[in-house]
Amino acid sequence: MLNALIVGASGYAGAELATYLNRHPEVNLATLAVSAKSEDAGKLLSDLYPQLKGRIDLALHGMTDPQALAEQHDVVFLATAHEVSHDLAPIFLSAGCTVFDLSGAYRVNDPEFYTNYYGFTHQHTDWLAKAVYGLAEWQAEKIQTAQLIAVPGCYPTAAQLALKPLLDRQLLNTDFWPVINATSGVSGAGRKASLKTSLCEVSLQPYGIFTHRHQPEIATHLGTPVIFTPHLGDFPRGISETITCQLTQTLSREEIAAIFHQAYDGQPLVRIYDEGVPALKSVVGLPYCDIGFAVEGQYLILVSVEDNLLKGAASQAVQCLNIRFNFSSTLSLL
Amino acid sequence: MLNALIVGASGYAGAELATYLNRHPEVNLATLAVSAKSEDAGKLLSDLYPQLKGRIDLALHGMTDPQALAEQHDVVFLATAHEVSHDLAPIFLSAGCTVFDLSGAYRVNDPEFYTNYYGFTHQHTDWLAKAVYGLAEWQAEKIQTAQLIAVPGCYPTAAQLALKPLLDRQLLNTDFWPVINATSGVSGAGRKASLKTSLCEVSLQPYGIFTHRHQPEIATHLGTPVIFTPHLGDFPRGISETITCQLTQTLSREEIAAIFHQAYDGQPLVRIYDEGVPALKSVVGLPYCDIGFAVEGQYLILVSVEDNLLKGAASQAVQCLNIRFNFSSTLSLL
Amino acid sequence: MLNALIVGASGYAGAELATYLNRHPEVNLATLAVSAKSEDAGKLLSDLYPQLKGRIDLALHGMTDPQALAEQHDVVFLATAHEVSHDLAPIFLSAGCTVFDLSGAYRVNDPEFYTNYYGFTHQHTDWLAKAVYGLAEWQAEKIQTAQLIAVPGCYPTAAQLALKPLLDRQLLNTDFWPVINATSGVSGAGRKASLKTSLCEVSLQPYGIFTHRHQPEIATHLGTPVIFTPHLGDFPRGISETITCQLTQTLSREEIAAIFHQAYDGQPLVRIYDEGVPALKSVVGLPYCDIGFAVEGQYLILVSVEDNLLKGAASQAVQCLNIRFNFSSTLSLL
Amino acid sequence: MLNALIVGASGYAGAELATYLNRHPEVNLATLAVSAKSEDAGKLLSDLYPQLKGRIDLALHGMTDPQALAEQHDVVFLATAHEVSHDLAPIFLSAGCTVFDLSGAYRVNDPEFYTNYYGFTHQHTDWLAKAVYGLAEWQAEKIQTAQLIAVPGCYPTAAQLALKPLLDRQLLNTDFWPVINATSGVSGAGRKASLKTSLCEVSLQPYGIFTHRHQPEIATHLGTPVIFTPHLGDFPRGISETITCQLTQTLSREEIAAIFHQAYDGQPLVRIYDEGVPALKSVVGLPYCDIGFAVEGQYLILVSVEDNLLKGAASQAVQCLNIRFNFSSTLSLL
C-alpha cells in the first residue's frame, strides 16, 4: 500500500487525482495539501466539491513543512504551478518519494528550454536531467524506473499521441509544419476567480497564438516544429485538436488505420476510430484519448480528443503511477 | 435633446443603457462614468464590450467631481451599488438633474425599510420621500412629474407585473402567500471576477432563501406577503418566475386572460399569452415582460419572464425616461 | 451470477443501466435489446454512445421473441415506454424473471390510477397488485421479496425523499399543499429527434402544469395532494426541486436536520446538508439524492437534487437489484 | 417602397430576414412564404418564434402559386434549400423581381461546379451566368446592377473577407494552402428535428472533412485551393474561423493591419482588430464580420468571426439589397 500525498489538491486536476487515488486499491490517499496561505486550508475537499461529500471528506492541509510530509508519504503528486513544483519536487525526491509532477517544471531535460520559454533559470538541473516525461503509452519502460515523472501538458498529450505514430515512421512531411488547432474547456484555466472564465464572458476565442508554452513542449518532444493555436471553448471540460498535416507518400485510409492500430492496440486508454472522427463528449469524464482521421491526397487531418483534466492531467498521472509500480495500467481509472 | 450621463457604465446594465441611449433620437449620450478607482477608468466601453466596437467607442470617465458632471447633464442614470446611489443621487438632484436610479437605494419611501432590510440608516429621507417607484406600466402618472425615479429590481418587476392585476381586484387569497420561484441568469450577479460565476462552477441552485432583499421590495409594493425563492440559473441572461397562488373565487382561463388584457392592452412592453406559458428565450435581448398562466380549481400558476438586464433594469429605466419626457414609451427600445 | 437483460438499452436510462450492470461483479450483462423496428437494432451500443467504445461493445438485439429471452435471463430491466412495459412485464414475470420496470406502468397498485391519469385500462391487475414501488430507501423490506419492482419516476423520487420524513411525522400542514417547483435536464425527454430538445430551441420553461403524470404519482404515494410544476431546463442532466411547505409547529434548523438524519443516516445514497442547499452539479453523474432546506417561521423550503437518469432512473433500479438480491446497496454504483 | 417576399421564412435565416425587413424603412414586408406542404403553413411567424410576438405576427403563407406571388412583389429572398432555389429563382426573375438567393444554387457561374460538387446538372445556366456573388464589401459595383444576387455561404463569407485583402496583393504563398479551421453554432444545421442537434448530443466535433461544399466555393472565388475543416460547436449561433497561412514576404503587424484597413475602412460592417483577435460573442446577434490576426516569421494566423445567420446569411442579404437599391449599406442593420 502506497501512502500518497497530493499537493494542490484544491484545484480541478487535484480533485480528480483525489478521486482516482481514493478508490485505488493499492494506494492510501493519506494527505491533501494546499499552500498554507490558501483560503481553502482547513476546509474539507468536499466543501469545495460537494459532489465528493460522503466520498472524500478529507481536510485540506495547509502545508508548512514539506520535509515532514515527505517522510510520511511514498508517492507525491504535484498539481501545482510550475514555480511551486520547481521548488518542491527536489525536497520530496531527496527524501526518497516518487514524484509525479503535473506542472511544466520538469518536462524537458534541457535547462535552456526554461530560459527560453518559461523565463527563469532552472535551479535543479540534476533532477531535471533525471526526469522522465510521462507520455504513458510511449514512455512505459523509462517510467518503470523513474523517480520523477513529469506528466505532459494537456494539449501536448493529445497532439503527440496523434502525431507520433506517423512521425516515427517518417510519414509526415516536416517542411509542412503540422497545424494544430486545439480548443480547450474552461477548466484548463484553473479554479480561481477571473472575469475571463465567467459564464457571461466566455466565448470561443483563440489565445496565446504563437506564444503558448505547449508549442515548444510539443515541438521538442516530437523533434519537429509545429504551428499550435489554442482556443478557449465555451464548455467546462475537454480538449479537441484538429491537426492538419502533409504526408510524404500517398496512404490509404486503411494503411493509416493500420499504423495507428499497430501503435495503440494493447493500449487500452487510446482508442482509434476506423471510421469518422471523435466528438468531445466521447472522452469527457473518461481517461481516454480518442483519435480519428481523414485523408485526401497528400493531406491528412487528425482529430484527437481527451479530457484535459484526465488524460491531459490526473488520469495520465495515475496511469504513470500504475506503470511505475507494476499495477495494471488502468487500475482505478476505468 | 437631453444630455445624458451614465454612472456605472462598465457593468452589464450600464452597457445596455449605453446601447439604448446611444441610439435614442432625443438623447445625447454625453458621458459614461465609472468610479475613479475602477481599473476600467480611461478604457473605451468597447474595450470591455467588443460587440460595441465601432458603435460606442466612448471612454469611461473616472468620476472625481460629480458636482461638475451634474452641471453638464440633464438626465443621470445610476447603474451603481445602492450605497453609491444613496450618496450620489442627491448631488445630481440638487443640481436639477432628473435621476434614474437602478439600485435599491430609493425604491421604498419608508426609511425603516432600509434599516430593516439593508442594514443602514437612510441619510436622504427628503429625497426618499419624493422618489417615485418606476414600475413603468403602473406608475406612468407619477413618473411624469418625478425628479427621482427608482427603477424596480429585476425580480420585483416580473413578479409585480404578474401579480398586480389580480391583487388589485382582490382575486388572490392573501392568506395563501404567493410562492414565487424565480431563476435568474448569471449576469444578475454583475460583471466581476468571482468563482461563483465561473462557467465551471455555475449550476442551478437556490440562494438567499428567505433573505433576499427583493422579497420585502415585492411585498411592500404589492401590500401583501410573499414567499420568494431566487435561483441562480446556468445561463447568462433572463429571469423566469413561476408563481403559485390561490384564487378567492373560481375563474375560467378566459376570465383570467381578460383581466390581464384589461391591465396591459395598450402597454406594448407587456405581452400576455392566451395559451401556454412563455419560455425564457422569448425575452432575452428584448425589453418585454411576457406573462402566461395556468389555472386548476382554486390554484393559479403565473409564469412571468423578462431579461433581467432590460425590463429588469436598463430598458425599464429608458421606458421611464420616455414616460417622464413624454416620448413614445418604446422609443429606442424596439 | 445473475444473467441480465435490458430492454430499451438504446435510450439514455438504458445506456446508464448498461454501464452499471456491465461493471457489476454479481451480474452478467447478457443482452441489450431494443424494439425490432428500431433503426438502432443491430448496432453496437458504443455506436450510439461513443464514450462506451471499448467498454460496452455489445450489439443491440432487435427483440422479436421476448419469451425466448425470458428463459435466458434472471433479471430484466425495462427501460421502455409505459405501454411497452405494461405488455412485456407479464411475459418475463411468468417465466420467473425478476423485473425492474423503469416506466410508469406498475407504479401504483390501484388500476383506477391508470384509467384516470394514463388513459387506458390496465390489463394486468394481478401483477399490478403484486408490484412493489422501488423507492429504495423506504421500501427495502418489500423489495427484498418482490418479483416486480416499479422504479419510481425521476421527479417523484426527489420529491418523496425530501417530503416523506416530515409527512410521516405529521410535521407538515397538508392543507397547505406542498408547492413543488422542479427543473429537469433535457435528457428527461428521452433520446429522440425533436425540435423541442434542439440546442437552438431549448430554453427554461414550465410545462405540463397541473397535468404531468408525476403529480398523481407523488400525491398517491405520499398520501397528500401537492402542486407540482415541472420545468425544462437548458442543461442535459439533473433535476432540482424546490419545495415550499408549511409546518404544523415551529421547528428549529437543528430539529429539522435531526429528522432528516434519523431518516437517512445509514442510507449512503441520500446526503443531507446541515448547512445551505445543494446545487445540481453535486449529483450530476452520481447516484445520490442530496437534500437541504431553509426554515423561517412556519414556512419550510426543501431543496432536493438528483441525476434524473441515475437516482431518478438507472441507479435506483440497480439499487433495487442490490437490495433484492442482498448485495451491498451501493454495489457497482460508487 | 419595395414589396418584399421571403420564401422559407420559417427557418432561422428566414426569421432573421423578416426581422430586418420588417423594420426597414424602404421595404414593405408583404409576404412570408413556406412550402405548401410545411406543417408551419398557416401559423404565425410569432408562433414559431415567440420573441417576435407583437412585432411580426404575419402568417406563413403555404406557397402554391409562385407565379402569382412574383407579380405582387418587387424583391424576393429565397431562404430555401438549393434545389428549391434552383427551381424557384427563374420564376421570380422572369417576372421581373430582384432575387436574393441565400442558397448555393447560383453562387458559382460555372455549371460544372454543380455537376462536380452538388451532384446535379444545373438547368438554368442563363440565369447562372448572370448571377452576381453577393460578397457585399467586394462586389458592390456588380450588385448595383444585378437582378439575381447569390448571397455567399456562411463559412465562405468569413473566410474570404479575411483572405482576400492579402491574396489580392499576392502576399500569401499559395503553395501552402491556407488551413481554415472553422467552428459553427448549431443553428447552421437549420431548424428541424434531429438527434444530431439535440442539446444532449451536441459536442464539439469536426464534420464534412475534405467534403464540405463550402470548400470549393471558397477556393473558386478566391482562385486558390484551401484546406477547410468545419466543426460543429456547442453553441447556438456564430462562426469562428482560424486561418493559418504563409506569407510570401516578411510583414510586420503594422503592415498587415494597414492592408486590412485599406481594404475595409469605409466598410462599416467589417471591423479590424489592431490588437488581439476577436471572440465569437463580439458578433453574435450583430451584422459584422470581425477580423484579427497574429504574425510570426513567415506564418500568419487570421481570426475571422461572424454570426452565421447574419453576416453569414440574412444581414448580408439585406446589405446586398441596400447596395442594389442605393440605400445606406447598413440601413435597418444597425
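In this document, chain identifiers A, B, C and D correspond to the written order of the chains, with residue numbering beginning at 1 in each.
Keep this in mind: contacts are C-beta pairs under 8 Å (C-beta built on N, C-alpha and C of every residue); 3 or more make two chains touch, one makes a residue touch a chain.
This one's a predicted model, so the numbers in the text were calculated from it and none came from an experiment.
A.B. asks: From the centre of chain D, which other chain's Cα mean sits the farthest off?
C.D. replies: C
A.B. asks: Sort out for me whether B-C or A-B is joined by the greater number of C-beta contact pairs.
C.D. replies: B-C
A.B. asks: How far is the middle of chain A from the middle of chain C, if each middle is the mean of its Cα atoms, in Å?
C.D. replies: Centre-to-centre distance between chain A and chain C: 37 Å.
A.B. asks: What's the distance between the Cα centroids of chain A and chain B, rounded to whole Å?
C.D. replies: Inter-chain centre distance comes to 46 Å.
A.B. asks: Roughly how far is chain B from chain C, going centre to centre by Cα mean, in whole Å?
C.D. replies: 40
A.B. asks: Chain D: which residues touch two or more other chains?
C.D. replies: Residues 201, 234-235, 278-279, 281-282, 284 of chain D each touch two or more of the other chains.
A.B. asks: Can you list the chain B residues touching chain A in their complex?
C.D. replies: So the residues of chain B in touch with chain A come to 12, 185-187, 191-195, 197-202, 234-237.
A.B. asks: Going by the contact rule at the top, pick out the chain C residues touching chain B in the complex.
C.D. replies: 176-177, 179, 181, 183, 201, 203-206, 209-210, 227, 229, 231, 233-235, 238, 240, 242, 244, 277-282, 284, 294, 296, 299, 301, 303
A.B. asks: Please give the residue numbers of chain D that touch chain B in the complex, ascending.
C.D. replies: Checking each residue of chain D against chain B gives 50-51, 53-55, 268, 271, 278-279, 281-286, 288, 290, 334.
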